[in-house]
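Both complexes below contain chain A, partnered by chain B and then by chain C.
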Partner chain A sequence: MKSKTTLIFNVFLVIVFVFAFTLPASAGKTYKLGMSLAITGPTSDAGNPYAKGAEDWFKFVNETDYLGDGDKIDCPIRDDQYKNDVTKRFFEEFLDDGILIFLSYATGGNLALKRDFEEVQIPVIPASYHEGLIVDANYTFMPVATYSENAVGLAEYVMENHKGGDTPQVAFFIHPSAFGRGPLEDTQKAIAEGLNIEIVEVVEHGTDLDNTAMLQRLVSKDVQYVICHTVQTPVATMLTDAQRLGVTAGSFGEKGKLTFLGAHYTGGSDLIALAGTATEGYLWADSYNLTSENNEGAKKQLELAARYGRDDKAANSHNYGAGILAAQIATEAIKMAKETGLKVTRENLYIMLQKMNFNSFVAAGPVTYSDTERIGVDVQNIYVAQDGVFKKIQSFESKYIQKVRAGR
Partner chain B sequence: MSQNRWLATGNFFTSYKQEQRTFFTHLDRTIFTCFLVILFGWPLLFEISNKYMLVLDNILIAIVAVMGLNLLLGFAGLISIGHAAFVGIGAYTVASVCQVIGENHVIVTHFWPVLIVLAGLMGAAFGAFVGLPALRLKHLYLAIATLSFQMIFEWFIQFMSFFNQGQTIYVGRAHWLTGQVGRSDHYLFWYYIILTIVVILGFGVRNLLKTKYGRCLVAVRDNDRAADAMGMNPGLTKVYAFALAGFFAGVAGALHAYLYRGVGFDSFTLHHSVAYLAMAIVGGLGTLNGIFWGPVAIKYLDLQVEQFSELAGHYLTYAPNVATALKPLSFGLVIVLFLMYEPRGIANWWRIVKSYTKLWPFRY
Partner chain C sequence: MSYFFQIVVSGIVVGSIYALAALGLVLVYKSSRVANFAHGQIIAAGAFITFFLTVRLGVPIFFSFLASMLITFFLAMSVERIFLRRLIGEPIISVIMVTIGLASIFDGLIYLTPFGSENFSFPDFLPTESIVVGGVSISWTQLVGVIITFVLIGAFSWFFKKSTVGISMRAVSDDQFGAMSVGISVPRVFALAWATAGLSAAAAGCIIGNVTGLNFETLHAFGIVVFPVVILGGLDSILGAVVAGIIMGLIQQFASGYLDGNFGLNGTGDVMPYIILLIILLFKPHGLFGVHEIERV
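Up next, the complex of A and B:
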């Protein structure tokens, strides 16, 4: 009898023990997301901190029970090395795993998968801000203003701040691909809509390490402004050459000299690290809040980076912030669905994304989407490189890009 | 001939016709048939994820492309460093049709076999054109000529707005007897189509090599002057070898376009040409089964190295460039070691295994 009681007691203890350890673990749900980007290979200088930003935010969400009820986000981050074929393979793998939102990366990869996104009806948050990704697409939610908005916005800034009665003479320095050409085409459309600048020359850069001839030619053509849309390395080479030749403008729009301006991927702390003092005076349009601004948002970004032991380079990179924002958008969509009492499914997350309106500490403005709007942060900041950091000059929203879109 | 057609032992050819048989023994035929049954039947028995089906489809497409390259390099002895451009010609043939008549036009969606053949013919036409320098050039000089074609192709695609400046041109979903092939069946459907094409083209190559045209290729490779003296036309043979390689590449390109439902420039770069070359060499130049081994080995290696590099990327967070370099480094190292220790390719291992099993239990 005694042994029977002991046995029952032991079984009871075992059940209590098992439940004690298993219940908390099974209390929360796990939501699967998937991210594919270039951690190594071409453009990994941007992709690497971007991945760290997203990874840290999801860790933060899980550790602090941000979603509530012990719910967690599981987001495997895969390195596609900037290859569309590999991105496609990862996407299929993620679909097999039943992901709810796909966090994607490059322009090429997103364009290649655009039809799949629509077919599978999966919300996508890309790291590329190519305007073409949201044309005839419902499921791609652009986190911030597009490259075209950056370029047209910079052209507007030139038009508004150019001194003298003449038309500003502008050259475009672009990446030799559709990624580089898209914003140029939209700027040309904006000119047709009345934007008062003249594009004197378009330079599609190669892998040249010397831009002397090109810069001298631009000066000889009375070009005053060079709008860049490419990645940081060729811009750094050009700025260094301009400094060496003494053709960099000392002040905005200085006659006989060149004032350099650029879109999202051309600037940031990495550009300063590459070009050093040659970056001084460079104007940069971006929708992210920079750590050099030393505001509340910047502090939060640095705190998050410090919490997960990131180095200064990653912590201060706007691409780290971009990764955080993409992860935040996905997180907020899940949170909204939960708060509304909806089941967390792709369909419901798609609905939630269209109703989204929240402030992120890494963005220049609120993230808002609607039934027709697919760009989260419309506000752009114009920064100028001064004393080794980018400082904010002003915030703005491009007016002409709306006209370009309306005419599309 | 021996009465026992199941074993090679004791069988001697008494006529040219016997020598030209596709299968020398019943055993060969039975094994091959079983192999085909397995290849066609396993997807009906096991469920496999889309990811792995995509990998398999890719391997099969690479086999089609490498068949052409092996004809050119292995059998005709003509080097080409622009094979991916020929594959691209096939893919962009389909893409061009989509650009002109629309991606969902009935010709694109219903008459895809016609488009695949058309893509092959376009590849052949470009192949013949690019092969013209082969009339005058040999060896490294010919390699440079084909490299030029690769460069011209890349430049052309990237700068022409008709080709969307290299960005993806979409291709509609194919239709089959049961209607449109849906997303869930897409990769399986193309697995069967590509596998069927591989089998047809494989037999085509096998039979070609038994004809005078096939023998011409080998004769020109071994000594074009001697071939000329024997009454063959080495120039024409070389151009025709390029056309054949272009045809296979074009078909592979069209299959790639339909499989990915889009054509983008970055699937047909110099890097891909080098990869095709590596597949042909690792598989075994001038061998039939090497055509199959090469793509399987290289694609598998590529996947393994990719995982290794990805893993390194996660751990070497402070040095992403080192992780980036690991992939080409380890890939290149494996290829070099392979060429050093087995220059005859995996086909030679297959030959050794076959001769061992034929003689077993005797050693010789």
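Up next, the complex of A and C:
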């Protein structure tokens, strides 16, 4: 009898323990997301801080009960090393886990999975801003202005600020891939629509140790502006060579010299780290707010980085900001669904994303989507490298991109 | 005319750096007949060791440069001792597969450090203004790179031709069993070949890193980029690597300077060296300075 009482007491204790530990956990819901990107391997100089930004934002959301009701976000971040097949495998595993939104990375991987995203009907937030990702696609939500908007916008800036009555002579320095060629094609379309620049030459770079011949050739053809769309390392080598040869323009559009301009992944603090003083005067189009601006947004980015012990290099990287923004878009979609009283499902998050309109401390303008609009931040800032940092010259939105944008 | 001479100077600069980067491949092949696919990773390691010693530990860059060569000397020697020693006498393809595996392991190890995914640059230690002679400019970085390349290549050439150890290495390359029969320690020679290749790779890494900035992907790509140089030079010839390196550099610059952007051509600077390589190999299948081996049946 005594043993029976003890048994009942023990069972009661176990039940109490089970409830004691499970009740708080079940008080909030956990929403599953998935992220795949290059933390190591090619382009990991961008992917690594991007991953840190996203990770820190999700930690912040969970620690501060940002979603309310004790709800949390669980977003495993996987390193695909810039390999499309690995990205696809991770994506399929994430689908099996029932993720609500996929945070993706490279142009190649996104193009390869574009049809899958549409078939599965899962919202995707990429780190690639390749225009082709949103052509004939509904589920990809580009966080900021595309590379094409950067390139066409820079071409517009050249047209508007070029001195003299002649047509600005421009060369393109691009990555030998779809990533590099897309913005060039859109700029050519913009020229056909009346953008008054002449593309004298297109250079698809290799692994170059010296760009002397190319730079001299451009000068001999009276090229005044070089628009770059690639990654930072080849741009850094080119800028260093231009400085050595004395062909870098001292002021915008200086005759007989070259003024260098570039899109999102060509610039930032890493370019200055690689090319040093040769970066001075480099013009860079980007939709992120930089920490060198020292404004409220910059302070918040630095605070978040400090909260999670990030070093200065990561904290000041625009790619860290880009990772934060991708995570913020996913977070806001969940929050909007909750506030609207909808169940948090893929379908409802897709609807919420199309109604999204919020301000992020890392972005140059508001993040807005609609039924037809798939680009979050349309505003771009033009920065110029001055005294070892990028400083904002002006904000703008490309006019010609609206005329040439395919399928929209 | 200065346009022409500028291209010549740039071609020689690029070619010299190619030659230095190719040297390590030649050294390993010369003694062991193995193509080392982990060479690019050792080039990157040498550059990052120099950066770490200079920037993080405050060692003057000249001493960091020497120290990194010493460290990669022992690193490469250890790799040979641990992974490759037991493959002596095994089919060459097995050894090559091991070097591919080593490349993967080195990648993984470097990815564990910040050097695997961040960009860095050496602090300025040379004058930033260029030297201009007759309208032709060369930066101090390039000039010092070329000088170091030729000093090292000269030293290695002397080492192989005149020193006892160097002659032993050539003997092992010619005939392992014959060399053993006259008392040469083949394992020791292999270890030395890997070690000297490591040393030259570190030097190449520092020079390339100073030109392009320190990015792991860019640096280790040079282990593959210089393969055509090694093949054109004749695989086991140091002089061949130098001549082929400079030929490649000149072809690249001339193609870029005179063909690209004209006649509807683009990217010939990257393609033309390979076209020339194929043409030369049609007539000289063993490369410019390679040994034509005759096998008696």
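Please note the rule applied: the second predicted complex is superposed on the first by the 384 of 408 C-alpha atoms of A that agree within 3 Å, B and C clash if a C-alpha of one lies under 4 Å from a C-alpha of the other, contacts with A are read in each partner's own complex, and residues count from 1 in each chain.
Simple rule for what comes next: a residue touches a chain if its C-beta (ideal position, glycine included) is under 8 Å from a C-beta of that chain, and two chains touch if they have at least 3 such contacts.
Source: prediction; values computed, not measured.
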Look at where chain B and chain C land on chain A after superposing the complexes, then choose clash or fit. clash
A:44 contacts which: chain B (first), chain C (second), both, neither? both
Report for A:318: first if it touches chain B alone, second if chain C alone, otherwise both or neither. neither
Mind working out whether A:119 is in touch with chain B, chain C, both or neither, as first, second, both or neither? first
Looking at A:84 after the superposition, I want to know if it touches chain B, chain C, both of them or none. Which is it: first, second, both, neither? first
Applying the document's definition of touch, where does A:335 land relative to chain B and chain C: first, second, both, or neither? neither
Once the shared chain is lined up, is A:95 touching chain B (first), chain C (second), both, or neither of them? first
Touched partner set for A:162, first chain B, second chain C, both or neither: neither
So, A:176: does it touch chain B (first), chain C (second), both, or neither? both
After superposing on chain A, check 61-69, 313-321 or 349-357 and name the one in chain B that bumps into chain C. 313-321
Shared contact residues on chain A, chain B side and chain C side combined as an intersection? 39-41, 44-45, 48, 176
Contacts from chain B onto chain A in the complex sit at residues 49-51, 54-55, 58, 158, 164-168, 170, 183, 260-262, 264, 266-267, 306, 309-310, 312-314, 317-318, 320-321, 323-324, 326-327
Under the stated contact criterion, what part of chain C meets chain A in this complex? 3, 6-7, 9-10, 13-14, 17-18, 107, 111, 116-121, 124, 128, 130, 137-139, 142, 208, 211-213, 215, 217-218, 221-222, 225, 253-254, 256-257, 260-261, 266-267, 269-270
Across the complex, what residues on chain A touch chain B? 39-41, 44-45, 48, 52, 78-79, 81, 83-86, 88-89, 92-93, 95-96, 107-108, 111-112, 114-116, 119-120, 132, 176-178, 181, 311
Within their complex, chain A touches chain C through residues 39-45, 47-48, 176, 200-204, 206-210, 212-214, 216-217, 220-221, 232-233, 236-237, 240, 243-246, 270, 273-277, 313
